[in-house]
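Labels run A, B, C and D following the written order; every chain starts at residue 1.
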Amino acid sequence: MRIRYFAWVRERVGSPEETIELPEGIASVRDLIAWLAGRDEGHAAAFAEPDVIRAAIDLEHVDHDTPLAGAREVAFFPPMTGG
Amino acid sequence: MRIRYFAWVRERVGSPEETIELPEGIASVRDLIAWLAGRDEGHAAAFAEPDVIRAAIDLEHVDHDTPLAGAREVAFFPPMTGG
Amino acid sequence: MPEWKPAIRVQPEPFDAAAEARRMTEGRKDLGALVSFVGLCRDEGGTLEALELEHYPGMAEEAIGAIAREAAERWPVAAITIIHRYGRIAPGEPIVVVLAASAHREAAFEAASFLMDFLKTRAPFWKKEHRRDAGPGDWVAAKASDDAAAGRWRPARGAK
Amino acid sequence: MPEWKPAIRVQPEPFDAAAEARRMTEGRKDLGALVSFVGLCRDEGGTLEALELEHYPGMAEEAIGAIAREAAERWPVAAITIIHRYGRIAPGEPIVVVLAASAHREAAFEAASFLMDFLKTRAPFWKKEHRRDAGPGDWVAAKASDDAAAGRWRPARGAK
């Protein structure tokens, strides 16, 4: 599964993307955030406040309860500030 | 006193403007409309429904209760349809 | 009252809305939003030859100026440009442009919308329709919906 | 669903809002109103060197497309154009343009305003400030007021 990071989430993780093998038991976006936060210091800093993190699955905005089943690309980023 | 007419008020009166000597007792815009309506058939047609007529004194929109004292130019026209 | 003056023109000629927008924003770094409204001559049934816009010279400029000053008092706008045409206008041609620039988008949107609602109901212009193969037609009737649109701004009047 | 497709572009280059407006209105006689919103890079304190806009390629286009389709379902708009830039943008330069054309002014104004509120909160763009003499600065924080602005449209969602 391809994981992408944007803005300060990307900066804290230290990388724009990575490919992971989804461990068993990681079913939702929320699960994935918790699991990623435990990987290293950078990930921990990026996901220190999970509630502010926005997520997208395959280019579509989703909430943290969304199941990961079938997802090819999951992205994490701060609230948008475009426009 | 200069009286100006616009749009269908002008067409019904049959003239874009006229100069009148204000008769005694004609104090307000409402009085003037009633007096003008009695001048001839064209004026009568123009002012047949006084309530829909808008008025301006010296380029400023006024209501029918406004006194004419000091007015140099009074204009009558239908509701605006610009923009 | 703002220190700047709204730019107001009443003219028969077409206008260049883009050039007006450039004039308002060029060299400035304090603007975050520019809202422009262009009102076009619309031919609903396919039978309109042209609109003829009559106006009250002198009062048109005064009335538009008063509307623009009111907008500038109600919202923190940095610049306003209003150009209203008169005379014969063919379908597809622009009739009016309203431009409002501000640091913030809400002010620019609200000022432009307010300006249009009040131009429709308080600026001395009247539209006559010329129908194809029928010569001069009817004067366009004022719409209750336009009065209602202008009316929705009234509660706040004088409150800011 | 409308028969037309919104024109959407995500690009680093500046855009020509006037040319886009012309493209939408040229040769048409059914349009009564064109509202354009240009969002500009604003330098509030006089210390901004540039904004750097990061975006999520692919998702940016998808999200803007979804927002535009929603606007087209809610209001009788005849055409929508949205261009959003990314990359480095200097103070005074345009960041985004939204154009909405309709037969009627209310629809054009409301659609443009709705589009901007949703671009601010739902399109995957992030702004980083570069301060003069200070190098890369902070990421711009999302504003509660932007969420509130987007929230005001929600009650009507799906109702039209």
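Rule of thumb we're sticking to: a contact is a pair of C-beta atoms (placed from the backbone, for glycine too) under 8 Å apart; a residue touches a chain by one contact, two chains touch by 3 or more.
Because the structure is predicted, anything quoted here is derived from the model rather than measured.
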Neighbouring chains shared between chain B and chain D, ordered by label: C
Excluding chain D, groups that stay connected where the other chains sit: A | B, C
Separation of mean Cα positions, chain C and chain B [Å, integer]: 26
Chain centre separation in whole Å, for chain C relative to chain A (CA means): 48
Inter-centroid spacing, chain B versus chain A (mean Cα positions, whole Å): 72
Sites on chain C at which at least two other chains make contact: 39, 116
Touching two or more other chains - residues of chain A: none
Which pairs of chains touch, using the document's own definition: A-D, B-C, C-D
Of chain D, residues touching chain C in the complex: 17-18, 21, 25, 27-44, 46, 48, 91-92, 103, 105-106, 108-109, 112-113, 116, 149
Of all residues in chain D, those that touch chain A in their complex: 39, 53-56, 58-59, 62-63, 84, 95-96, 116, 119-128, 139-142, 146
For the chain A and chain D complex, residues of the former touching the latter: 4, 6-8, 10, 56, 59-61, 75, 77-83
